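Below, each structure is written out as structure tokens.
Paired with chain B in one complex and with chain C in the other, chain A is shared by the two complexes that follow.
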Partner chain A sequence: MADLEVKGLSKAFGGVQALQNVDFQAAKGEVHALLGENGAGKSTLIKCLGACQSYDSGEICLNGKRLTAVHPRQAMEAGIGIIFQELSLIPNLSVADNLFLGMKLGNKTSVTRKRIACRRAEKIFEEFKVEGIDPEQKVESLSLSEKQTLEIVKVLSRDPEVVVFDEATSALTANRVEWLFGLVEQLCRQKKIIIFISHRMGEIRRFCSVVTVFRNGQNVGTRLLTEVENDELVQMMLGRKIAGYYPEKTDTCREDAALETKDLFFEHYLDNVSIRLKYGEVVGIGGLAGQGQNALLLALSGAVKAQRGEILLDGKQAVLKNPKQAMAKGISLVPEERATEGLVLELSIADNLLLPVVSDIARFGLINRKKEKELLDHAVESLQIKVGNIDNPVNSLSGGNQQKVVLAKLMMTHPKVLLLYDFTRGVDVGTKNTMFTLLRKLAADGNCILFYSTDMEELVNVCDRVLVMDQGAVKADLSGERLTEENILKASIGDGVA
Partner chain B sequence: MGNQKNRLQRSFSNLNIWIPYMILAIILIIMGIYQPGVINFNWLNRQADAWVTLALAGIGQTLVFMIGGTDLSVGGVISFTNCLAAVYMPQSVPGILAFSLGILLIGVLAGAFNGFIIVKFRLQPFIATLTTWAIWSGAALCILSVDGGKVPSLFTKALLHKFGSVKVSLLLLAALIVIGIFFKASRLGIALVSVGSNEKGAYFGGISVTRTKILVYMISGLLAAASGLFRTAQVASGSPTAGDSFILLSCASAVIGGCSVATGYYSFAGAIVGAVIMRLLTGLMVATGVSSYMTSLLQGVILILAVCLSSFTALFHNRKKMEVDV
Partner chain C sequence: MEKWKAVLKNNSDILGNYLISVLLVAVISIFYRGFGSLSHISVLLSDFAILGFLVIGQTFPVLTGGIDMSVPYMMNCAAVVLNYGVNTKNWSLPAAFLVVAAITLLAGTVSGFCIAWLKVHPMIMTYGMNSILMGALLSWTKGTAGGFTPEGLTIFAKAKIGFLPVVTLFFAAGILTLMLVLKRSAYGKRLYAVGNCKRAAYFSGINVKAVTMAAYMISAVCAAVGGLIMSGRVGQSYLGMGDSYMFITLAAVAIGGISMNGGKGHVAGSASGALLITIVLSMLTVLKASLGVQQLLYGVVLLGALILEANKIRFGGRRKKYDH
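So, the complex of A and B:
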């Protein structure tokens, strides 16, 4: 009998069968990867495992004993530790308080708790070799990568028997990924059961030994990673063969500049950024996480105003007071947190899509139903959004499909300049392919696209040109032959580029 | 270097916390100028009675605010416990003790009921506690339709007793400040911030959100009942509308006390200072001859100013960060 065994697990959300009679096994000392498109059922399986969600039928056994947890705390006590993709940290509490959230700390209600917590946090950070995080700091003030690190340490410090990484690397900076790699190796030696969810093939190959593929809520097979090719895995995930992972790059760049910045400056965030983007061009922004990329996109989209410097649109100075004004001028942003900044989760898919264009299709306050339907059909079709019913709320969709809705929503306004912030984070291969194809098509139609990603492979294969940012400044402008992953990495870490 | 900057930033964001103390200092200075010599230990002793009733309700309200709720039922619970004690409290010592404990228990149960219906039926705290306020006020009216009742003198003496020269109220205030420090470090104290700040995260982090919320409402109910008991002893009679003014005042104490879901900061001491400020301002209005009809109006104005001020300082703090400003 396997150490962790899931037998006949089923779970339905309304009419959608998220898990269908899933069997799954994992053994101690192995790193088990879960692969699958967004909405394939990986996250649901993990949530059932961690008792964050109930299931309709089936059972989960750990070391031959059936798990009966109904609250996340009980699952934790049973030895299941889950590092969530959606960060479950409390922004208003200190790092130390987060680390020991819901835990007993020796003396229950003592003023010295804070000191004890800080001291123990320091010890834990030392044990896990984490540097640069102050236990007294509020979590709010940490960067995304640091938050993810803290989330990992928080779960591991509770010494669980089963460790689940649910896209734990998606927000980590490159050196932290190395750190995690060492950590996983150590967990392996300690004979833990490790489950690893990621969309990055390279990481899966590095971290894992076994892989189980999910498709449409079913387990479609488990393979040893040494005996399986990427193509076969992709085929298992998709159930069909896709021609190329990345669309072909063609030079569609035009002469005239679309968007220019001159010495854009914001203390601690932007350091005299001057860039020039042309129509028909896909420009990437690279660099380590948190080097001002977000600030640049926010400034360009009108969401925040830079302290100094100017933005030029079509060669004329543009005053962008807010995103609405920027959108009216043809600049649209896909924000960092798609859930909180890009969509109104409780509204229906249709309403979300129509939000930016309501005034266009309405006359005297009434909405033109025919026009509305035309627009919606076109949007759903062009992006291949998997929707049950367009009137369902957006939060009924999986992450990847939500991201497609964000993009479709922006396309409704026919922007000239598209700003994309890490919009492939947590998106599966099939969806990425659709999105990249769309990006290239938009560029060919003469749009200008600025695209920030933490995935260098993506940048190299999708963009015509990549700007590498470091400490708020653009340190390198790579194109043509010079556009390679090595060069991006070199520029990010402050090395000169040949 | 980076660490130092961080510290500096942190102390800047903590400016908010000192506002209640600064306001208090300003009021005391003004009072000292206009009525020199009036502020002394005896004055403190006398005032403490008025402060403690509001401070108790204000602390309860602060805790409820921190989980993103409101508790309007404090008004009803204070009226009800006041009337109940004024009418039915027996004369004997064991009787008084048992009755007082019973009243505190009623407060806990009232709070538990609030928490239960809010959590289990997913009601808006505002609506839920508005209805329970009506229920308890109604119950108070059933017991005592007009002001009156007879409070055992022993009970009055006990709660107004002086240990040496220090009144029970003053001791209780000091005790509450100390309890507050321990409470903030307790698991419940941390759990309630996490529930208010990121409910889903708290749930995934293994905190029982339901239990935390119900517990907080129970504490609020308990403190309201205690406030009702003190009020009974001080006034030595019952009034079915005794608690109504506490609704606005307790909210004002909490807000002026500097609690904020956005930053996750709260303290018992802050809530007490908030209560003291509200009492002093009301006293000041009476002393300067503002009509009692105007008092409520001015209290409302003060509350809205306090709310705007606390949100303004948060805004000012955020300017320094490159964040989206809607």
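So, the complex of A and C:
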């Protein structure tokens, strides 16, 4: 009998079968990866495991004993710790308070509670080798990567027997991924059961020993990672073959510059950034998270005004006061947060797609139905968005399809320059492939694309050129043979690049 | 056909409001014969038009996630300025209308500007505007109320086709126009985007501030129209004529299915709330409820509607889940 055993688990949401009679086993001391497209059932399985959700039939056993938890707290007490992608931290409480939320910590009303909590927090941080986070700091002042780190520590500090990382690395900076790697090795030695969900092949290969693939709510097979190729895994996930993981790179770069910046400066964020982007070029921005990449994209999209420096579009100085003006001039941004910046989740797919262009298809303020339909049909077709009904709210789509809607929405304005902020985060392999193919096609059509990603593998395989940022400054400009993951990493941590 | 079915299904609450209104009239007229008579229904319909204009105006700020507390003096101001201008200052009627229009738009613009650009909280700003208008009226008219309403307006406000008041037809046209604005115009699409998620709207190239400001201007204009019709029906204007409307408009909007958090609902819905409230108010008068009881009930109805609206999912029992 396996140490963690799931038998015949089924769960349906309305008419959708999220899990179909799923069997799954994991053993102590192994790092078990779960792979699958968005909506394949990985998250549902994890939620059932953590009692965040009920299931219709089947059972879950830990060490041969059936789990009967009906509340997340009971699951936690039974030894199941889950680190979710969506953070469960409370922003305006301190780091220490968040760490011990819901835990007994001596006298509840004691005036010394704060001191005890801070001291315990420091001890825990020491134990888990976390640096650079002050226990008294409020959580809202932390970066996304630090928040994710805190979330990991919070769960691990309760010493669970089963540790689940649900896309816990997607928000981590490169050095923190290293830290996590060390931590996972240590957990392995302590004979914990570790389940690891990620969309990044590179990390799965590094972290894990066994992989189980899900498709459409079913377990389609478990393999040893040493005995399986990426292509086979992708095929298992998709149920079909795709030509290649990344589209072929062809040099479509043209002579004339699309977008230039001269000594762009914003205190603490941008340190005299001067870049030159040409038409037909896909340029990546790399580096550790929070090194000014977001500020640069926001400045170029008009959402933030730099304190000094200028932005040139087609060689002429461009005044970009807000995203509206930038869009009118042909610069569009896919913003960081899909749910709060990219899309209006409650509105329909159609309304979201049309937002940037409603004025263009309106006469005397009223929308022309014929033009509306033409635009919508074209958008859905060109990006292969899987929509049941275009009048359904956009939050009825899966993450990958939502991101396609964001992209399709921006393409409505026919931008010359496309700025993308980590837009493949949490997007499944099949969709990524579609999107990268689209990016290369847009470049071939003469568009200029600036693409920030935390995934170095993506940057190397998709971009013609990668700029590495560190502390607000562009530290390296890598292209051709010098464009390797190793060089990006070196430049991001301040090493010289050969 | 399918589309219409979906529309009906999504708006079942609103249909329910209209149905309940009709049933209420039917049931009460069993006990009080006059309640269901054509002449009384005609009275109800013109009351409905007055409250209705205020409510469909209020819908717009609420859709942005804001609120308009300046409705009482916005309507009062329109009525008093017109009457005082014509009676005491000897303006011609068209000139008086122009002044009313200018003042209304100005007040709406100032409120909207301060809320959108200067980031004053909508409740504080519009309540302040209410107070400013009240003070301005008091000092300009030296406390007199403006006097009688010009004849043209009274004729319009009291005119009927059969038993149907013209102002109710005028109001129906208002609903249709604003419905078109909400559902089929570029402004409507932007308004819903802003109401649901300002940041996403901003990144989609929408001028969030201008959209917000326009909502307060629309509300001001609708309130003024309501005020003028009321003044026409009563035959004169008086200070404080709009006071009781402050919370009623909010209650009607909430009953009509407009989310107080913004971004959900439409004017046909809020009009259903206005109709229901008009009938309930009239019912209370018939039942000879005291002013105190009426005020108390406003409060209870408003809170009840807000609690229902905020907990719709829980009470509805059908919890939608999207899980992947």
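Keep in mind that, in the parts below, the second predicted complex is superposed on the first by the 490 of 498 C-alpha atoms of A that agree within 3 Å, B and C clash if a C-alpha of one lies under 4 Å from a C-alpha of the other, contacts with A are read in each partner's own complex, and residues count from 1 in each chain.
Rule of thumb we're sticking to: a residue touches a chain if its C-beta (ideal position, glycine included) is under 8 Å from a C-beta of that chain, and two chains touch if they have at least 3 such contacts.
These numbers were taken from a predicted model, which means no experiment stands behind them.
In the three-chain model built by superposing on chain A, chain B clashes with chain C.
Of the two partner chains placed by the overlay, only chain C lies in contact with A:F13; chain B stays clear of it. Applying the stated contact rule after C-alpha superposition, one finds that A:A303 touches each of chain B and chain C. In the superposed model, A:H71 lies in contact with chain B only, and not with chain C. When both complexes are overlaid on chain A, the residue A:T413 reaches chain C alone and has no touch with chain B. Of the two partner chains, chain C is the only one that A:L355 touches; chain B does not reach it.
In the superposition on chain A, A:L366 makes contact with chain C only, not with chain B. Put simply, chain A uses residues 303, 341 to touch chain B in one complex and chain C in the other. For chain B in complex with chain A, the residues that touch the partner chain are 3, 6, 9-10, 181-183, 185-187, 190-191, 193-194, 196-198, 200-208, 261-265, 322-325. Residues 50, 52, 71-73, 76, 82, 84, 86-93, 97-98, 101-104, 108-114, 134, 137-138, 141, 154, 266, 268-269, 295, 298, 303-304, 341 of chain A are the ones touching chain B in the complex. By the touch criterion stated above, chain A contacts chain C in their complex at residues 13-14, 18, 38-39, 43-44, 47, 53, 301, 303, 322-324, 326-328, 333, 335, 337, 340-347, 351, 354-356, 358-359, 362, 365-367, 391, 395-396, 398-399, 409, 413.
For chain C in complex with chain A, the touching residues are 3, 6, 180-181, 184-187, 189-190, 192-193, 196-197, 199-207, 263-264, 321-324.
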